[in-house]
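In what comes next, chain A is part of two complexes: it sits with chain B in the first one and with chain C in the second one.
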Partner chain A sequence: MTGLIWIASLLLTALAGFPLVGHRAFAGFPPPTRLVLAGASGAVLLSFAMTVAVLTGIPWNVPWLVVAAAVLAAGLRLVLRRLPVSPVRGPSEAGGGVIVVAASVLSLAAVAAALVATVAGAATSPDLLFFWGPKAQQFALARAFDAAFMRDELHHHMHAYYPPLVTNLGAFASMAAGRMSWTGATLTFPLLLAALAIGLPGALDGRLGRARAAAVASLTVAAIAYLGIEADVAGNAEMTLLLFETLAIALLLSETAASAPTQLLAGILLAGAAAAKVEGLPFAAAATALFFLARPEASRPFWPAAARLLLPAAAMLSAWFAFGASRRIFFGYSGYGRLLDLYPDHFGLVLSAVGRSLAATGHALPWLVPLACVLLALPLDRRWILPIGTAAILTAFFLFTYIHRAEDPSLWISWSAPRIFSPVAVLLSIAASLAGGRESRPARP
Partner chain B sequence: MRRVEGARVLFAPLIGGAVLVGFALASLPWNENLFRRPRTLFDRSAARSVAPGYALVAAAVPLVPAGATVVVRTEPRDPTAETYYHRFADALLPGRRALPASFYGRFTPAEVSRDAEYVLIVGTRPAEQPGRLLLETPDGTIWRAAVSR
Partner chain C sequence: MTRLRLAWLAGAAVLALFPLWRFFARPLREQLRLPLTPVDRVDGARARQWQFLEESRAHVPPKSSFTVLAEDPDVEMALYMMSYGVLLDTLPLPTRYYGNPTAYSGREAKYVLAFGLPEAPEPADRLRLVARVAGGAVYERKSPR
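Our next item is the complex of A and B:
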């Protein structure tokens, strides 16, 4: 029962995000997509409110945190009133019913597989027990970030500097449920995958039409499900990261990406990615930079668009780093060592270890199948620069990170590569929707 | 021609999704009595070797009071497993102080965990008993340490 309350409490994030996503600028998204966008943006605002509460010495309290996040969302809604609002194009006309049904069945089966694997204890991430969960549990008990706990040398393996969103949500759910639920935490994998299965088709619909949007969403959800089961992601931060990243990219590729409200919402989702995992920051930076290259017509004027996309992430991480520095626990991401302390002679070793690791994860099919779909979709329209470019930059970043260790990194790669390369599978899946030469157009099945 | 292209971009993701869902379903541990409730979160995962340690630390929750110090060891000694189980103790025994028998895959000096009030031993019962036996399970034993240690 505690597990159910724990996981169900996360649905309150939709309440927190609704004042923003309820704005008429987003009225063109179908209700399920709006609900998921409200939940995702609400989670980001909730986490921000928790971090600011700690900085200002206010103890956490479940109802007030929801209210604070909703007030933030309402404040952003006021910002939207000052921005030019072009209504989001509504869902395309009915059609492609058989394809939509088939794609929905596939997504449902993928979520069911993730749920069965999770409940059966076949997909649990040890990292849940190693650091995500203990930190969330301790923070819930302390009703704040527990500085003494984070400083303790015996907790060095808990990576105090890791960004706070996932532990914040875990602490929030633990306070709501009365205690940490390890089972509840593992269920975030199927729950957030289901959220993506529900919300993604509507986010892609305006650009692709119902049938293609449903087909691409089912490919994306299936890739994450298979990868997540094979790489044991239940309970860690991967699924949260992928939810934010996938929705953000879908918005930035959409027909309404030129509108200020869509950019602001995409910026909040990118902030969620940056605050979920360390590698969310290079993702957000790369996606923003490549958005300007891929969608020049959608990104003018430059500075306001850049502000909408980057300021939310800057605010999230500034608050987190301010906490770390003010308590003298960590300073930025210095825990990763010096940037240019590299061991380039390890590069061949790293490449072969990454190859072996991905091959051992579902025969690399979560990456190869979306890649095949991209190849079949050639030629792609100009927007390909955004997902494929982001995948390339992330790949370079991960390889760069792996050559930072003096010792043989093979073991480290074997247990981390399938998880950290998971956004690449998602980006390839989304890129498969970009067929169509100069401009994409809804398919007529 | 355009119809063929349209069909290709429509059906490729759908077929790709079907392939991945098929493999995902096939990857489930069907031959491990899939729908039987697992004893631990790790019973059928790639990390199933840590399941006994998880189960023993979870069994210690009602036996180790708040504020107590606890150490988890393995029998025979295995610094990698002891590192994991120390982390499990941190997770599953909030409010207690978990002292590491091993840290980052290396044995710690004996004095680090010598004063632990409770000793959890994953594996076989040790030749030298560390105190008063509180619980014995197929996964290991839980002891109240002898005061004189």
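Our next item is the complex of A and C:
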């Protein structure tokens, strides 16, 4: 029962995000997609409210945190009133029923597989037991970030500097349920995957039409499910990161990406990615930069668009680093040595270890199947720059990180590569929908 | 157009059905057994360690300190890290941290959780056996330093 309350309390994030996503600027999205976007943006605002509460010395309290996040969302809604709101294309016409049904069944099967694996204790991340869970539990008890706990040198393994969103949500749910629930924490994997299965088709619909949006969404959801089961992501930050990243990329590729409200919402989702995991920051930076290259017509004028996409992440991380610096716990992200202290002779070793590691994760099918779909869709339209470019930058970033260790990094790669390369599978799945010319959206009646 | 839609659906089918196929490829009775720990089917060794900590919990009073000992330093470190989640409202004190002996903390602990050790980790005049649990034993130090 505690597990159910724990996981159900996360649905309150949709309540927090509704004042923003309830705005008419987002009326073009179908209701299930708006609900998921409200939950995702609400989670970001809730985490921000929790961080600011600690900075200002206000103890956490479940109802007040929801109210504070909703007030933030309402404040952003006021900002939207000043922004130009482009007419938003509504959900496409009915049709392609067989494809939609088949895609929905496949998404359902993928979510069911993730749920079964999670309930069976076959997909749990050891990191949940080592630090995500204990940190969330400790913060819930302290009703704040426990600075003394984080500063203790015997808690070095807790990675105090890791961005706060996932532990914040865990602490929030633990306060709501009265205690930490390990079952509840693992269930975030199928829950957030289900949210993506529900919300993603509507986010792609405006660009692709109903049937193709459903098919691409099912490919994306199935890739994440298989990868998540094989790489044991239940209860860690991976699924949260993937939810934010997938929805943000879908919005930036959408027909409404030129509209200020869509850019603001995408910026909030990118902030969620940056506040979920360290590698969410390079993702957010790469996606924003490549958006301007891939969608020049949608990103003018430059500075206001850049502000909408980047300021939410800047605000989230500024609050986090202000906490770390003011308590003298951390002053930035901890690296693996100095930036240019590299071991280039390890490069071959790193490449082969990454290859082995991905091959051991479902025979690399979560990456190979979307890649095959991309090759079938060639030539892609100009928007390919965004997902493929982001995947390339992330890959370069991870390889760069791996060649920072003096010792053999093979063991480190074996347990980290399938997880950190998971956004690449998602980006390939979405890129497969960018067939140039031949696959234009069907005309509306 | 149709070719791409079919490719996406076929890709989704492969990716969605592989894990389900793997699930049904094993004996159903084994698959339907509810797990005792969050990691039963991820890592059997880790599951036994978690189970050991859960069973030890009943024998470590709230607010008291404990240390975890194991032969393998990696196992000892894993037990120490997981103990924060399992033994709430107690004070874990590591004897080794990532394999390196800590200055005092482990020796100051009131309780010793010995995992997989064939004998008591300290002489009998310094330790009292509190309970034997799955995977090890819980001891109380007669006079912690």
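Criterion: the second predicted complex is superposed on the first by the 433 of 445 C-alpha atoms of A that agree within 3 Å, B and C clash if a C-alpha of one lies under 4 Å from a C-alpha of the other, contacts with A are read in each partner's own complex, and residues count from 1 in each chain.
FYI, a contact is a pair of C-beta atoms (placed from the backbone, for glycine too) under 8 Å apart; a residue touches a chain by one contact, two chains touch by 3 or more.
Note that the structure is a prediction, hence the values are computed from the model and not measured.
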Do chain B and chain C fit side by side on chain A after the overlay, or clash?
clash
Quick one: is A:Pro126 in contact with chain B, with chain C, with both, or with neither? Answer first, second, both or neither.
both
Have a look at where A:Leu219 lands relative to chain B and chain C in the superposition and call it first, second, both or neither.
both
Contacts of A:Val100 with chain B and chain C, given as first, second, both or neither
neither
Residues of chain A at both interfaces, chain B in one complex, chain C in the other:
99, 102-103, 106-107, 109-110, 113-114, 116-117, 119-124, 126, 128-131, 133-134, 137-138, 154, 157, 180, 182-183, 186, 211-212, 215-216, 218-219, 221-223, 225-226, 229-230, 232, 235, 362, 365-366, 369-370, 372-373, 376-377, 432-433, 435
Which stretch or stretches of chain A touch chain B in the complex?
96, 99, 102-103, 106-107, 109-110, 113-114, 116-117, 119-124, 126, 128-131, 133-134, 137-138, 141, 154-155, 157-158, 180, 182-183, 186, 211-212, 215-216, 218-219, 221-223, 225-226, 229-230, 232, 235, 362-363, 365-366, 369-370, 372-373, 376-377, 429, 432-433, 435-436, 443-445
Mind pulling up the chain C residues that touch chain A in the complex?
1, 3-5, 7-9, 11-20, 23, 31, 35, 37-43, 46-47, 50, 77-78, 81-82, 84-85, 88, 93-94, 97-98, 102, 105
Can you list the residues on chain B that touch chain A in the complex?
5-14, 16-21, 23-25, 27-29, 32, 34-35, 38, 40-47, 50, 54, 84, 87-88, 90-92, 94-95, 98-100, 103-104
Interface with chain C, chain A side, in the complex: residues 99, 102-103, 106-107, 109-110, 112-114, 116-117, 119-124, 126, 128-131, 133-134, 137-138, 154, 156-157, 179-180, 182-183, 186, 211-212, 215-216, 218-219, 221-223, 225-226, 229-230, 232, 235, 362, 365-366, 369-370, 372-373, 376-377, 432-433, 435, 438-439
